[in-house]
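Structures incoming, each one as structure tokens.
In what comes next, subunit A is part of two complexes: it sits with subunit B in the first one and with subunit C in the second one.
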Partner chain A sequence: MSSLPSAPTKPPLWRDIRVLRWAFQLLVLALVIAFVYWLYGNYQTNVARSSIPTDLRFLDNPANFTMPGNDLDQSQPVRDAFVQGFYNTLRVSIVGILLTTVLGTLVGIARLSKNFMVRTFATAYVELIRNIPLLLLLTFMNLAVILQTFPRIENAWLPLNLFVISNRGIAIPWFTGSGGILLAVLASALVLTWIVVKIRGRVSDINGKPARGLTWGLPTFIVVMVAGWIVLGYDWVLPFVDDRATSGGLRLDPSFFALLVTLVVYTSSHVAEIVRGSIQAVVKGQSEAADALALSGGQKMRLVILPQAFRIAMPALGNQFLNLIKNSSLGATISYFELTQIAQITVGNGSPAVPAFTLTLLVYLMISLVTSVIVNIVNRRLALVER
Partner chain B sequence: MKKNVAIMAALAAVTLVVSGCAATADDTSAETAPATTETVETVAVSSVLDSVMEAGVVKCGTRDALPGFAVLQEDGTHVGFDSDFCKAIAAAVLGDAAAVDMVDLETADRFTALQNGSVDVLVRNTTWTASRDGGEAATFLQPTFYDGQGMMVTADSGYGSVSDMDGAIICVAKGTTTEGNAALESSRLGLDWEVRSYDETELILQAFLAGQCDGWSSDVSQLTGLRSAYPDGAEALTILPEVFSKEPLAPAVLDGDTQWAQIVNWTILATIQAEEFGITSANVDSIAASTEDVSIQRFLGLELVSDDGSAVLDPGLGLPSDFAYQVVKQVGNYGEIFERHLTPLGLERGVNALWTNGGVLYAPPYR
Partner chain C sequence: MIWMKRNLFRSVGDSLLTVVFGSVAVYVLWGVLQFVFVTGRWDIIQVNLKLLLVGRFPEELLWLVSGSIMALAFWVSAAATSSQSTKEARPGFGRRIWEAFQRFGLLAATGLLLIAVSGDRASLVMGAMILGSIILGQLVGFARRTLSPLNALPGWIWHPLLAVAPIVLVALTLSQASLDLWGGFLINFYIAIISIVLSFPFGILLALGRKSTLPIVRLISTTYIELIRGAPLFVLLLLAGVALEFFVPSSMAPGQIARAVTVFTLFTAAYVAEIVRGGLQSIPAGQTEAGKALGLNTTKITTLVTLPQALRNVIPAQIGQFISLFKDTTLAGVALNVLDLLNVGTAITAQDDFLGQGLIYETLAFVALLFWVGSYVMSRESQRIEKKLGVGQR
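And now, the complex of A and B:
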């Protein structure tokens, strides 16, 4: 009792900052788990009381509905409907992301143009579109543009006799035969083009002359595509109005068109701001150096500014891509048969709501996480490697 | 990226557990039930009738813009066939037809609202099907209207029957039996219809007006109402003669409360029985004062005088003995409700006539 601890090297447990840190984190974790468990318990109790199914067996029930533009027989299971909805979500998202990147970049560059008209127009576009709620924009697109501005099928517009444009959709020329094989031709053309461009790069490195990748690559691509087209016997089919529908060609569903255009226009206004900001964030010396090398305006943008701007823009662009994917769920309001629409329809026809919407939520989560992984990989490849 | 994967795994695990299989649900519910908080247990014990009596108001799931069935007026009240049955339930349970809280529901939300207790009863043009009975935790009761699905087209479209409509675009309401019936009819007749489905009637109307849809398919009663309110006039539209489904529109309550289900059931049966007796809101008082008919006395909750004294029939439904009197007095009998809301639309009684007139409406005896 009389002997004091000679050297208090360690504070007591309840005052040790390392222990406290751990204890606090464990406490928070325990609280979160307890809360989730409490919610889960409530869910189970309530569900058991009202005898709502909680499993995924509803996926095997017949779907009992059909989807415009998809081969879904009404006797196929709900599972197949969800798969088709997943494809439709992917379809509008992928095409949307590609178009958004192009349009957004162009508008972003236009925002910095020296030409007064171009600059003002781009600014007006950005400020107008990004300050309107997306749902409103989509409703307007559907009710005012597609339904009222586009003609009825009886008076369809036939530009050059190549397209059929009406409020029942837009039909474009398409090809006969297998799409998969044509995709393989396209892939091999792209690979060959890439190889040619790479070889030109090597040659350029060796002899010091300009690589001229485009002058060599584009003809390669065209030659392979045309050769494949002719050898495999593909042919164009032009669409035409057949009674009250279109025949031949590829018909883009009016709701697909409305959703795609709205998503692209809306997301582009945000992407344009990101691109503008990123271009302005590239240090001025880069631009001056490019001028000193006597690069043309286009070359300066393409070779010097944009590659560095995209390095800055990539994480923010990834967020916009994710927004576009998630916003595609608004297609359910205009009868585009994507995931959310499928979930709503099946729940309305007897599938249990909680498992069906949980499944839908998980699929969106999966698509978004895969997208962010891809964006992160691209971002890592673009990022400056500092030693 | 590693972080992403970890988060994904964690979220997937949590949600999978939540949506987990029935086996675990059965196991855990037995364990968790005693452990859950008191509020949960009291909810489980208390009946819908108790909560309605306590609140002094019946929460009735309905809709806001279906001509003839339920239309939200500018003063905030609802008028229509369905709305009158909501009022009848309030009159039966609380003795006041005005003690009803109309809750407007989207089609896709209606069963969820019933499941989570936002509404006590659903009287919302809902077709009684086996999947809904089993999958939505709903108990369907005496149908208020026997309907069938039909097709409406513009008068100048040249369609004379459903089988003329090869390759047509058909617009329907989302999350309804209509989608399935249209798909079934299309494949049965080999017509290759494209069925588009929308949340709101207004969107279908716009698509139909713009000529995006060739046909508008729904229950004939709805089509009749929509036709009467069509902007270009009712003559611009034709309802094709075919009816290609059975659509018994029935009120629904949540599974597991038999007493409340019986109350709603007998309220609707009372309107049918009253019509059979010839009792209307106008003559119910004079009949009650003068009738010698024992079955009518029982029905209206009057004292049955006999040699041993008098008694009032209480069948033990949980309803006041004069509930039928209140329903008829304040709302009317089935025929009155029908004539008030559906006859103006041009709907015939048809199969919805009393069994004595060749219809299918038949109330079990009240004794």
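And now, the complex of A and C:
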């Protein structure tokens, strides 16, 4: 008698994969919830015993501290201090990201230079900086360079009479008048340049002559900027020493300067490695094709290699930018009044620690999310459209 | 001459670059040499060497630290040689010496420098004994490969056997000297090693959770990883410094180093998870399909097929993560007042004998040297392993 396979019966409950999957997930969920609940219960018990507030009402209390270089009144609420700290974090991060991109790209290209001297120099820079803790570099910049090596204000260094360098900070030439309007001029100059370059590209597509975007674009940019500058009555102001203080120009706090320089130097060494790796990852045929078209070294870099390299580098670069923003929290160790420092001070002044630091963490999380959204948009624009 | 022409003076612009960078290089090198041999006042390092290396670790128990270092050196040396395959063509003796010099010359030079700075007989003896235990490890590894009773021993007995001495010694050290007495470079290493070891299983679980097809598990893992990756380590350390005791029963109030280890472990786990996830994604789907064809269930496919390959492929990235953790341990110094190398380095300039003499350059240079040598040697090793594994070349 041949045994026919019987009609498939439902497996018992404890062997049914769908039941098992959900049972396992519910188990994990229950464990996580139990753990979080345990932490929360401990927190409630401990906080109730020491009668510490757990809400965000501390934000309305007076700040009771001042920040040199920022206009914050002692009686203003903690909330305003946090806003000011947020603003300072953004300031150092944005300037830092811009400078890092430029320096990191230059060093990354220099690492692949055919010139032995340039190559060695770039390699030494990257290998030295990358392997030293950021906090050590920051401490060095603050304690050794600024506090010990920069001169007192009476004998400040005045390189080319353009800058004033002392242990009270760095002053750089700046302009008179409204920065916002100048930014608008800059934006319109950039838009106009972009339009001109686009038109040149179209013309080139039609008549087949070289586009020469740079020879047209750069003068356009300069003309618009200079015109705006003169018409709106802007002028340069050079900084100078005036009775134990700097006048004119833009004064950068020593802590801002130290943090900015350290972040840029440190992050650049990582960015340089990413840029180098991405340039090397561009298919070799591209470089050979550029050679076959008799492009010069600069043209080859600018028109063929770098655009493709940046496409490869973008995700990793975005990570480095996020790192720079998060690392700006180390400003708290040298009294730069950014978010973390504000949180630390208000906690020291009696604000409840857990809500204050949680708020700080949420703000950083928000900055990170916004940055990664921007990076993703850029990434999508750059990404190869494949069939 | 041809080399110079090709590498230094291709064109006018090139020559100009060479001259500019060359003069800057000469200037910098000259400055550094001046500082190291002429103007630098290194007595502050000499006087405080013990403080910089081990902090306030009790003098009479230092032999435990030296013993642990020797046992660890022996272990690493023996484990590395005994796992070398005998089938591989081995280069000649001279070539192997040269390779060892390239890999560990810097480390040896730093050791010699430390001995020279300390200038006492005990450290010389200790250096010799560490060298001895490395050679002993090589011999034991060699015996394991060639002698008959030893090479018959299965790996799962052999490797734990090697690890017995270092584990016993480290445990003994921990039980004899309370962690609060540990400091200096020792504590940087300790925090980094313990945190990476603890974060490793946690990170693997998170990576598997994030790759899982179970929606709730995936959601929990992803949330954890992204929350941690969006937070600055320094703020987490500050938070742990003032608030960790609120989250555990009051009987479990942690010490400063326990707080540091907790934060570093939780933080590193998220990054380890992303590394392992990358490794899992690099395994071709054919591997999973082959496992299914053999009738393995999901657990077996993961633990026997995909995960081992993924973990092997991510060794270089893991070392990279360890290096950044090692450098980040300096943050514990500021955030939690742990007396780590950097903290000691800045604090000793305020000693009575050295106050106000502007010796911060000397101490920070010394601290930087130790961190630099450690990170640089590890990153070179990671590049070597990467080449050996051939990741990205298949």
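Some notes on this structure:
One rule holds in what follows: the second predicted complex is superposed on the first by the 375 of 387 C-alpha atoms of A that agree within 3 Å, B and C clash if a C-alpha of one lies under 4 Å from a C-alpha of the other, contacts with A are read in each partner's own complex, and residues count from 1 in each chain.
The definition used in the following text is that a contact is a pair of C-beta atoms (placed from the backbone, for glycine too) under 8 Å apart; a residue touches a chain by one contact, two chains touch by 3 or more.
These numbers were taken from a predicted model, which means no experiment stands behind them.
Comparing subunit C and subunit B on the residues of subunit A they touch gives the larger count to B.
In the overlay built on the shared chain, the residue A:L306 is in contact with neither subunit B nor subunit C. Within the superposed three-chain model, A:Y364 lies in touch with subunit C and out of touch with subunit B [touch as defined at top].
In the superposition on chain A, no contact is made by A:V197 with either subunit B or subunit C.
When the two complexes are overlaid on their common chain A, residue A:L136 makes contact with subunit C while staying clear of subunit B. Within the superposed three-chain model, A:V32 lies in touch with subunit C and out of touch with subunit B [touch as defined at top]. Of the two partner chains placed around the shared chain by superposition, subunit B is the only one that A:N64 touches, whereas subunit C remains out of contact.
With both structures placed on the common chain, the touch criterion links A:L103 to neither subunit B nor subunit C.
By the touch criterion defined above, A:I274 reaches neither subunit B nor subunit C. In the superposition on chain A, contact of A:V264 is made with neither subunit B nor subunit C. Residues 42-43, 46-47, 143, 148, 332-333, 344, 347, 353-354, 358, 361, 365, 369 of subunit A lie in contact with subunit B in one complex and with subunit C in the other. Here subunit B touches subunit A in the complex through residues 1, 4-5, 7-8, 11-12, 14-22, 25-26, 28-29, 32-33, 35-36, 40, 44, 107-108, 111-112, 115, 129, 131-132, 134-137, 167-169, 174-177, 179-180, 183-184, 186-187, 193-199, 203, 206-207, 209-212, 214, 254-256, going by the rule given at the top. Within the complex formed with subunit B, the residues of subunit A that make contact are 36, 40-56, 58, 61, 64-66, 68-69, 73-74, 142-143, 146-148, 152-154, 167-168, 243-245, 254-255, 332-335, 341, 344-345, 347-355, 358-359, 361-362, 365-366, 369, 372-373, 376-377. Within the complex formed with subunit A, the subunit C residues making contact are 6-8, 10, 14, 17-18, 21-22, 24-25, 214-217, 220, 227, 229-236, 238-239, 242-243, 245-250, 323, 327-328, 330-331, 333-334, 342, 346, 358, 360-361, 364, 367-368, 371-372, 375-376, 379. Of all residues in subunit A, those touching subunit C in their complex are 21, 24-26, 28-29, 32, 39, 42-43, 46-47, 114-118, 120-121, 127-128, 130-136, 139-140, 143-144, 148, 322, 326-327, 329-330, 332-333, 340, 343-344, 347, 353-354, 357-358, 360-361, 364-365, 368-369.
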